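Heads up, the next two complexes both have chain A, just with different partners, chain B and then chain C.
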Partner chain A sequence: GCLRQQTWKIHFILLFSRQGKLRLQKWYTTLPDKEKKKIIREIVQIILSRNQKTSSFVDWKDLKLVYKRYASLYFCCAIEDQDNELLTLEVVHRYVELLDRYFGNVCELDIIFNFEKAYFILDEFIIGGEVQETSKRSAVKAIEDSDMLQETVEEYMNKPAF
Partner chain B sequence: MCVLLISGKSKEAEIKRINKELANIRSKFKGDKALDGYSKKKYVCKLLFIFLLGHDIDFGHMEAVNLLSSNRYTEKQIGYLFISVLVNSNSELIRLINNAIKNDLASRNPTFMGLALHCIANVGSREMAEAFAGEIPKILVAGDTMDSVKQSAALCLLRLYRTSPDLVPMGDWTSRVVHLLNDQHLGVVTAATSLITTLAQKNPEEFKTSVSLAVSRLSRIVTSASTDLQDYTYYFVPAPWLSVKLLRLLQCYPPPEDPAVRGRLTECLETILNKAQEPPKSKKVQHSNAKNAVLFEAISLIIHHDSEPNLLVRACNQLGQFLQHRETNLRYLALESMCTLASSEFSHEAVKTHIETVINALKTERDVSVRQRAVDLLYAMCDRSNAQQIVAEMLNYLETADYSIREEIVLKVAILAEKYAVDYTWYVDTILNLIRIAGDYVSEEVWYRVIQIVINRDDVQGYAAKTVFEALQAPACHENLVKVGGYILGEFGNLIAGDPRSSPLIQFNLLHSKFHLCSVPTRALLLSTYIKFVNLFPEIKTTIQDVLRSDSQLKNADVELQQRAVEYLRLSTIASTDILATVLEEMPPFPERESSILAKLKKKKGPGTVTDLEEIKKERSSDMNGSAEPTSVNASAVSTPSPSADLLGLGAAPLTNSAPPPSSSGSLLVDVFSDSASAVAPLAPGSDDNFARFVCKNNGVLFENQLLQIGLKSEFRQNLGRMFIFYGNKTSTQFLNFTPTVICSDDLHFLKQFLCLNLQTKPVDPTVDGGAQVQQVVNIECVSDFMEAPILNIQFRYGGTFQNLSVKLPITLNKFFQPTEMSSQDFFQRWKQLSNPKQEVQNIFKAKHPMDAEITKAKIIGFGSALLEEVDPNPANFVGAGIIHTKTTQIGCLLRLEPNLQAQMYRLTLRTSKEAVSQRLCELLSEQF
Partner chain C sequence: QMAPSVFCLLIRTIRTARTQAEEREMIQKECAAIRSSFREEDNTYRCRNVAKLLYMHMLGYPAHFGQLECLKLIASQKFTDKRIGYLGAMLLLDERQDVHLLMTNCIKNDLNHSTQYVQGLALCTLGCMGSSEMCRDLAGEVEKLLKTSNSYLRKKAALCAVHVIRKVPELMEMFLPATKNLLNEKNHGVLHTSVVLLTEMCERSPDMLAHFRKLVPQLVRILKNLIMSGYSPEHDVSGISDPFLQVRILRLLRILGRNDDDSSEAMNDILAQVATNTETSKNVGNAILYETVLTIMDIKSESGLRVLAINILGRFLLNNDKNIRYVALTSLLKTVQTDHNAVQRHRSTIVDCLKDLDVSIKRRAMELSFALVNGNNVRGMMKELLYFLDSCEPEFKADCASGIFLAAEKYAPSKRWHIDTIMRVLTTAGSYVRDDAVPNLIQLITNSVEMHAYTVQRLYKAILGDYSQQPLVQVASWCIGEYGDLLVSGQCEEEEPIQVTEDEVLDILESVLISNMSASVTRGYALTAIMKLSTRFTCTVNRIKKVVSIYGSSIDVELQQRAVEYNALFKKYDHMRPALLERMPVMEKATTNGPTEIVQTNGETEPAVLETKPPPSGLSCRSAAFLFSTGIPSITAYNKNGLKIDFTFERSNTNPSVTVITIQASNSTELDMTDFVFQAAVPKVEPWRAAYSDRLRASCKYFLISELVMAAYSDRLRASCKYFLISAFM
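Let's turn to the complex of A and B:
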């Protein structure tokens, strides 16, 4: 039999700014919206109140938060207590690299204006809280292929709706 | 639009802007002109954007679903994104979505198939599992499926398996999935390994062959040169994600039996440990993180196998190096990982050599997360040889510790002090220090426990009395100290009374000087100490009587205090010295059992995190024997806690009498006033859970501890019932003076004239032989509707100790239900008739159990009402009807239960002609789901 019965997976990923503005949320656990909003508020507050010299890990309920700041954005993953913290940091880094490769020097505004691309890229990389494709080339290629099919999102988002 | 929103000056402006935008989109959707795909996509995307800004969106779902069937990739993609983020439980919509997904899965277009699989994984609902759990395995193992689709299919299936394991059929595909570990495409192997790991946890036998495949795959990765794996090399580390996943898969199994496989795995682990000593190939943090991620996972596997002393010690040395690393993250992880290493007999000693470093971490680390890990590790590495040092350091740290972790440290110190006390004077000193330093965080369990230990050990009683007496001299001492001091001096004050500095009168005056500063429960305890003093020190009897007689006691506004003062004063006046000596004799020793503090810490941290060596071994041996999962919760309603469940601290009820010295009314006087209701023990812990299980059923085990099992069989008809109670003696020793008493709560309140429930029992034989079972019949008559369930109190002598326990007897109002069948028309007519607000009681609550319609139906029928099919227009809802029969009246009841699967909530509505009945039935039934 198995001694360890936990599931190793990411429960959710949050991206938020230093001002506490949420920029992306991805949930791999089903929760009511109200609960999600509560969790977001709580976690943003916990992470923003930690100073720079601390570790990248925080115990939170029965989960563990693994976070890292890139420029003005915090990337935070909630994982199982027994999951691999260091590799989760690299999940975050690989995601940043993927965004970077797609947008070219990604910044917070790219994620705001092209939020759907940020979601698509994440979906290519992680499904159901598990890493799907760790090769940067394969993941980015999938997104770029889709872009060949139509004009950019910015173009039509900038056309007035009325 | 986006630019405007972001730069919006104020919240109001933003909301105004958004409302305008929403109105515009709504008019476009409703407009006469059919929108083309492009515009539809544009507006759906805007809605999504607005939703993600934190605003509610209640339309656009249909347009999003329409996008799913578009042939243009980006339109389809936006449609799927909208669905994933804003899933709606609207069943009509789910059908349309599933239809679109089905088409895309069948399209043979890998990008469309990928989108569909992502959507299933993102939503992951049961409806989706029902529709696709059979289809996805086929896609996964089909020979002509593209690699990228296989990857998505594997993880999509994993997601469905996690939410609805019952819907994923095992079959031929499982063996083919195992062979994906050999696939050429590393992305496919990575995804498949995640799936296999989760499946193997539940079905270890079926996936056993994955072990050797995983070992050989791992071996090929760790021995490869850093460029061999091309894209899958991450900052010079070959395939770290796959390596970690393979190492985890192996943690589902014991060490491989085949010596060749085992040897190969040991080589892999050694290689990983060796690589940690090599100079880094890059200065980038990504390189060291990825490399160490693999290393930590390898160490987890080594600890999990716990069979190679050499590897365990090497792992420990490696972690020892990390303890002093300049990276905070590595120090944190080393402390955490060492904690588990400390529980292995092979590496316990090696871990102990790092004690000074860990103590230093406690003092110097700037991050509370790291300090917390250091406390955990000190606790884990503690044994007889270093207990004094570790306890002293923890006490030191406690003075400045973060508030968030103080309670936990207090519990840990209390446990260590007890577990490793050679000299119990040290133990007493430690606990008193705990109270002094962190009195507010010393829970009842802790101070109860010190009293139990002092009472059970003669050698420490004099010392304890002297020490508490001295501690009480402090001008401001914590109330918990007054409790401990009061209790101990009441029992053992005589041991220090010979010293004129702690004469009886001085002891009494010292305690009484604290009296007015204390809360009611502490004052009650002190009053009991005073009556004990009357027995111990006849010379100060009159002083004490004066105090008891004073108005502030005899006329105290608090009933409990007043009653104690009256009773104790009376007792001291009328009882002879002999009777006093008998009544107020020293407390008998408490039966030995697991420390309640340990149970509390386990509860706080969850089982498994506070294990010690013996427990791990026990757990493991049961595991090797292939027994059921040790933590599986008994799904059937009958609860018979197994010894191993008890070991893990999962809800087995402890001996009631060994519960802390009760401070409830008259507890010291149980034997004298045993005919008064105040002698009834408080309800046994956990009995409420058991009670709830009996609301919808009539037979089963009501209570069980190490000594006694109580089983029930009952039947009810109209307003009458009969209950058979079976008392089983689980020990080999006779129970003497065995006296079960059924008490209606009304009795307790002296309101016999309003008796609602008439119960008649015959006494049982006062002797219950070891291993024997006796039976008692209770005849029940429901006179009128009632709220409180009766209490079953059981008192007996076992060995030298007096046992006294109480459980709630599951005689509840719904037992007197007669089901009533009626048509939809009748139902709603009556429903409307009962529309007075006082007749309706409603409760909205969260589901505590999986929301299974069949189980719900069974529970409603078990509750006693009829289950009316095809009455509610919404087939997902349940309605029931019945009549409660009492001697004086009959009460018609209608109920309606509306599940909300999406929110995992229920709404329960009860309508009856009597408010109290609606209220009570609603309470009882709400607890069942």
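Let's turn to the complex of A and C:
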């Protein structure tokens, strides 16, 4: 028979402002769009109503929300109930560090105007809800190298698509 | 590089919208432009437009019309296109749409691309959102890449494999060969993802688990190197080298060491080393310690190591950081059964957490506190928990009250203390007490014979001022009905007896009846209590008769029915009234946890499995005896259309505990009667609870009883339905 199955992956990651505006959403499970919207609304409301004196963890359905505020942005990770919450805080912190390293003193506006980069950086750090790279340097270097691969405007215009 | 100024311009423009309506208008305009651009199949602007679309999607607007465009971008030669295309696919597509399958071929090509960053995009996308079909189609490619020497790709392939296994578990076997020397890697990314992959495989298959146990020494070595190694800027977090990898290794060790003595022994030293040498000043160190504790508790560790682990948790409880306290409580809750004594040592710290401001911490502290109550500490613990009940948020009150009742029942040092505790809960959180607590409490009170006078006095005083908390009022009404005579005769020994007259007692019960705060059930309790007092009080029987007759026309059907039956008791069955309303006997419960199982023994001749002890001597015997000594008069149960059914009742001569009910059915018509059916209906209530159901006692509904069934049921019936009134009706 099969052993008790324990997945420890991250289920989703949300970034939102203090006014509840979504800045990034990464889902590592399949859900209908409507359901995602509902979840986001619910979670944003829960977290924005937490006060300073509470812990960074919220029991939510059969998951746990780990959240932390950095300046004007809330970073929220949904993990399995059995996962290591303290480590998840480190995961969140690492992501912030990567953003900071790439953008140089990152702020919310960077994430708004360069949201695709925020996703690229996340995708170099986490795949399928699991951490893929633990070196700060390597993750950021991969993005920078990829940026170099992007065509210049001229190259882009002149290169055939297919 | 993608003409960023144009893209930024869009975002800037949208952000200038002052209202939701203004924003919607801008978006609609932009979407229209994008749609026509898509229709024109413009390769140059597709990327930019999809990017715009993704931004608008994040704001909450529909973007499904861009799905196919993402696929076109993925298929493009331009890296810029692919990057946005794959991002778009991950945001807009998922396996529930058939169109996602069109990606499969592109991904397959890109997995074999000459540029590793393109391969990376494909691996990432597959590993995040690949459907089962895609996984099946592309598993071979992933397996190939799992064996590459390119660490950038290898680490991604490992997580991709994890995803494939999660989607299509049968494919797990094919990745086994590639795992052969994964742990020989120096690259931390590959090491980390390899450990994740191995963990996934071990969790899913006992065979894999057994196979990978041999890796324990290697894992221990890697972990040791991480701890002993000097400063590595690349992987350092506050002086700790690659905490992510450390934690994942600890987790894999947990899985491998579980239920295996040899493996557990092999990792004993390293666990002790991590447990004692990890820096605790920052969250990162505590994250590792936490994982270490979980591992120690789950494998077959020696007792010294286990104590070490619990002590770490104990220290966590004292940490200023509430996150640390939170995980400590969660873990202690998991270990409190297996390492009870060790956790007991931290009891006072746990109790302090009841005062924490964080709701999650409070809840865990409460659960843990209940788990730690025992015969030695019950007085102190109950004091804290009662105080908690007083001051906690409403969401806790029901659970806390139930927990206190349970703990009190198990460990009460004295009956007086027990009653006092119940009183305290009822008066503090009376409206949050669960419905099923009421019969439990009634039974408890009934069985504390020497406390009857004290209990009824306290309950009377409690509802005098405030009769709004239903469970309290129900219990109080019931007690007053039972022990009202003790109340008015001032027999209390435990405290100063109060002076109260029969009329005063009836006043409060009538107030409960009249009050619009009283639930229907509560009113039933009050009315029955009043009725019972008719045999316990001497001066106020007429008053009681009057009340009962008034409610005979109550609009509340339940109340009306009871009142009608009680009226009948005064009139036609007055000779039965004293015995019928007699004190309830002490009742044994079959189990101590909650109501016993209802066992349907219809047709069986053996009584059910429930342990029904013979009624103790004294009260109950007298009551039981009554019913069968004076005999029940025979009844004509049915007389219509020529069919007449008579019931007669007789004590069996051979077995006095058996009552024989005989039905005589006669046909006075000239024709034969066919399809004559007997049905026995027995009220379906838990035996001990049924004894306290006054409803049942006062009016057992209408039933036709066959001889056989009655014989089978007699013991059960006696234990479960003390008194019953058989109504002559069909």
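Just so it is clear, the second predicted complex is superposed on the first by the 145 of 162 C-alpha atoms of A that agree within 3 Å, B and C clash if a C-alpha of one lies under 4 Å from a C-alpha of the other, contacts with A are read in each partner's own complex, and residues count from 1 in each chain.
Basically, contacts are C-beta pairs under 8 Å (C-beta built on N, C-alpha and C of every residue); 3 or more make two chains touch, one makes a residue touch a chain.
Everything numeric in this text was worked out from a predicted model, so none of it was measured.
Contacts of A:S49 after superposition: neither chain B nor chain C is touched.
Looking at the shared chain after the overlay, A:I127 reaches both chain B and chain C. In the superposition on chain A, contact is made by A:K136 with both chain B and chain C.
Of the two partner chains, neither chain B nor chain C is touched by A:Q19. By the touch criterion defined above, A:I112 lies against chain B and chain C together after alignment on the C-alpha atoms of chain A.
In the overlay built on the shared chain, the residue A:W8 is in contact with chain B and with chain C. When the two complexes are overlaid on their common chain A, residue A:E85 makes contact with chain B and with chain C alike.
Common to the chain B and chain C contact sets on chain A are residues 1-5, 7-8, 22, 24-25, 28, 30, 32, 37, 53-59, 84-87, 89-90, 94, 112-113, 115-116, 119-120, 123, 127-128, 130-138, 142, 145-146, 149-150, 153, 156-157, 159-162.
The touching residues of chain A, counted against chain C in their complex, run 1-8, 22-25, 28, 30-32, 37, 53-59, 84-87, 89-91, 94, 112-113, 115-116, 119-120, 123, 127-128, 130-138, 142, 145-147, 149-153, 156-157, 159-162. Those residues of chain B that touch chain A in the complex are listed here as 1-2, 6, 21, 24-25, 28, 38, 41-43, 45-46, 48-49, 52, 54, 72-74, 77-78, 81, 85, 111, 114, 117-118, 121-122, 124-125, 148, 151-152, 155-156, 158-159, 162-163, 186-187, 190-191, 194, 197-198, 200-201, 204, 231-232, 234, 239-242, 244, 248, 251-253, 286, 289-290, 292-293, 296-297, 300, 304, 328-329, 331-333, 366-367, 369-370, 372, 606, 619-620, 623, 626-627, 629, 631, 902-904. Put simply, chain A touches chain B in their complex at residues 1-5, 7-9, 22, 24-25, 28, 30, 32, 37, 50, 53-59, 62, 82, 84-87, 89-90, 93-94, 112-113, 115-116, 119-120, 123, 127-138, 142, 145-146, 149-150, 153, 156-162.
Against chain A, the residues of chain C that register as touching in their complex are 1-3, 8, 11, 15, 43-44, 51, 54-55, 58-60, 75-81, 83-84, 87, 91, 94-96, 115, 117, 120, 123-124, 127-129, 152, 155-156, 159-160, 162-163, 166, 188-189, 192-193, 196, 199-200, 202-206, 209, 234-235, 237, 242-245, 247, 251, 283-284, 286-287, 290-291, 294, 322-327, 357-361.
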